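If you scroll down you'll find the structure; I have some questions about it.
For reference, chains read A, B and C in written order, and residue numbers begin at 1 within each chain.
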Amino acid sequence: NISTEETVFKPHEGVNQSPIPLEINRLNENEVQINMTAQITDIEIDKGVFYKAWTFNGEAPGPVIVVKEGDFIHFSLKNMDPAVPHSMDFHAVHAAPSEKFIDVMPNESGTFTYEASKPGVFMYHCGTEPVLQHIANGMHGVMIVTPKGGYETDKEIAREYVLIQNEWYDYNNLESMKNEEPTHVVFSTKALKTDELNTNGNAFSLKEMPLQAKVGEKVRLYLNNVGPNETSSLHVVGTIFDDVYIDGNPANHLEGMQTVLLPASGGAVVEFTVKEAGTYPIVTHQFNHAEKGAIAHLEVTN
Amino acid sequence: NISTEETVFKPHEGVNQSPIPLEINRLNENEVQINMTAQITDIEIDKGVFYKAWTFNGEAPGPVIVVKEGDFIHFSLKNMDPAVPHSMDFHAVHAAPSEKFIDVMPNESGTFTYEASKPGVFMYHCGTEPVLQHIANGMHGVMIVTPKGGYETDKEIAREYVLIQNEWYDYNNLESMKNEEPTHVVFSTKALKTDELNTNGNAFSLKEMPLQAKVGEKVRLYLNNVGPNETSSLHVVGTIFDDVYIDGNPANHLEGMQTVLLPASGGAVVEFTVKEAGTYPIVTHQFNHAEKGAIAHLEVTN
Amino acid sequence: NISTEETVFKPHEGVNQSPIPLEINRLNENEVQINMTAQITDIEIDKGVFYKAWTFNGEAPGPVIVVKEGDFIHFSLKNMDPAVPHSMDFHAVHAAPSEKFIDVMPNESGTFTYEASKPGVFMYHCGTEPVLQHIANGMHGVMIVTPKGGYETDKEIAREYVLIQNEWYDYNNLESMKNEEPTHVVFSTKALKTDELNTNGNAFSLKEMPLQAKVGEKVRLYLNNVGPNETSSLHVVGTIFDDVYIDGNPANHLEGMQTVLLPASGGAVVEFTVKEAGTYPIVTHQFNHAEKGAIAHLEVTN
């Protein structure tokens, strides 16, 4: 496709912008300032396999954002891409998409405000056309909106992690994204606190550097399946989810589940207890996808 | 396939029967008479792309039917297809399929009675073998059975629409329906009252003629994903579902969801508030499918 | 692939081991002994089509196992496969996978203990790498853990059956399992009591030998979709699920559903009433899969 060749491939040739850290500053009790970038950054999606990703802040998925239920968000997006417009669609907010999820041109910035009205584990993503291409190329991530009243199981939780599933397709190939199987289906985790593990969506990091827990602990995962195309049948080998909150809303409480089915863009909070020391694989039980990378390890020690 | 050539393609050549309106008449407090047709009618599934659909009443999906929980239905199906038997499988009723969902021969009529026992948003479809072919060719639709006690959120609702997702495949190609990707995944809406918008399942109508709402309103959608093959990850950009009733049953109440996962033939009632003026896309967040047509627009004005 | 040729195909050539019955013995109020085999056994997946399956106890899916919530399980796996290691991953238990779901070498036995901590309809499967291959070749099944307090609808149930969905792919072809459509999607039932119907996952048995019920009865199905790759949109034609317990946990109660969406490895208890005599097809409403075999019949008589 000549148009893609001239408008995307050539301008991105040799471009590999260093990740710019997310900026998030609380202005007061109910307002936060969030500054992000759209940028072109190489992501190692499998050992030695690099994807020239379209990213938020040089990560794919982008950095996790944590706000509180009811926060007003002042958001700024700086588009560092030399060639392609990008934008931001936060599932966590109420906003008119045609006004506030609009394109920011190359080398420009856009600012927007909206409210994070409801608690949960929400996807964010670039909403520029064709949306499939922008998500599949890496422009996705998770915003956690913590509930005002908490979760009824908050006091039982010893640790918590973010876990995100995403797919990779043939590079920037819209036809492949529409009609073919993903080449990789992968997991990533994102640091909730400084110094915590923070990985891109790849087939190896969460096997080489397992998530950690201690025997007897109850562990919480903030899950989202950012797609762009597939559902996820999320399962932790060796345990059962004591508690599940669909889309992370405290009202949507299920119990004793072996597997949680996440829609494309769907979230959940899942909690489980690890009773013995050892390694617990986390998988999508759609095992063609696990085979393509979607296995993480949780290491449980005494 | 010679058999298909002689039994389907040739008899349908040049046939394009004008839509016959659905007839629904209330006989008394607990009984309704419903008369429908099976007919061959050209449907424009994309701009300039016509599909010689197998339809109920010349629409694909067929007309929406609204009855009350507990209604007895007297149903008549007139098969106007010159060549192929058809039938009616209502998910909303309790009935012996081998007695009451049976084939009606070409140019004949069949009459059946059954009860709409439970409230919800139910699929209906032709149940003639091979069922996959009859559904994929257009013989599907939605029956809403309104709950005796209503929904607990009824008083908050300012408007309501029907939204249906269906797939189209290579024309009448059973092998494609079984093993290939859909060529189009589309939405339609169906008029709940006279003069309301009523569209077929295509890639353009609900972009050219958006659904309408006013700022501050709470909008309800009656959803069903009639398939035949794919799940749907239903999402409205720019808002969050305040309330969700799985399969439309008032007992199955979830809250604060970004996305609802509909099984093939699954329904839901979803409700959301639009707080600002602008255009809100409605999508399946399985974005390969959105890319193939499954985007509708909701226009919100002051 | 030469490695597969030498390590799998040649050693399995001509091997067809007779099914060894499951051994399950209650030791006391809270302990059971379960002895199973891993064995190579031909399974007729469609009329005249045989698959040299990797099985538990010569069945695919393996035999149903019923224990009580809180039971300690003493488990022994005898690997009769002359060439390939196998293992057992019970979704129903809390256990360190790296210790208790480990490989048992050809012609050896392994013993393990763990607790069935929570009630539900749980998948079990071989967890040996590549897991996709071991599941797709037939090493899957269901363990029912009956809830201490029962289900709130227990007294209404007249009969109950196990129904399992699984997929078959090109024989032992990992590339096909990863990237192609299944050749067959099928149902099976498993005997809960001696002399009850017990079938393998094939396209014909549950059409030739329908499940049975009487007019007016409420029927319960213990469902699991063992995959390995696809979701299931489980629906019974001619009726509506009165009650659904997601993953079979009594706390996860939904009502009035037309279709239940099962993740890969997901379970459910569904209950429905049959009001008239006749044949009721049970399908996955992902009709490409129903077309490939996933239709069972329920025969309802006066």
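Just so we're on the same page, contacts are C-beta pairs under 8 Å (C-beta built on N, C-alpha and C of every residue); 3 or more make two chains touch, one makes a residue touch a chain.
It should be emphasised that the depicted structure is a prediction, and the values quoted were computed from it without experimental measurement.
Visitor: Note whether the interface between subunit A and subunit C is symmetric in residue numbering, meaning over half of all numbers used appear on both sides, and answer same or different.
Guide: different
Visitor: Rounding to the nearest 5 degrees, give the angle of the rotation that lays the CA atoms of subunit A over those of subunit B.
Guide: My answer is 120 degrees for the C-alpha fit.
Visitor: Centre to centre, by mean C-alpha position, how many angstrom separate subunit A and subunit C?
Guide: 33
Visitor: What are the residues of subunit C that contact at least two other chains?
Guide: 231, 261
Visitor: Using the touch definition up top, name the residues of subunit B that touch subunit C in the complex.
Guide: Counting only subunit B, the residues touching subunit C are 89, 91-101, 117-120, 122-123, 127, 130-132, 135-136, 174, 177-179, 227-231, 246-247, 249, 251-252, 261-267.
Visitor: Over in the complex, which subunit B residues touch subunit A? Could you list them?
Guide: 181, 231, 233, 235, 237-240, 254-261, 273-281, 284-292, 300
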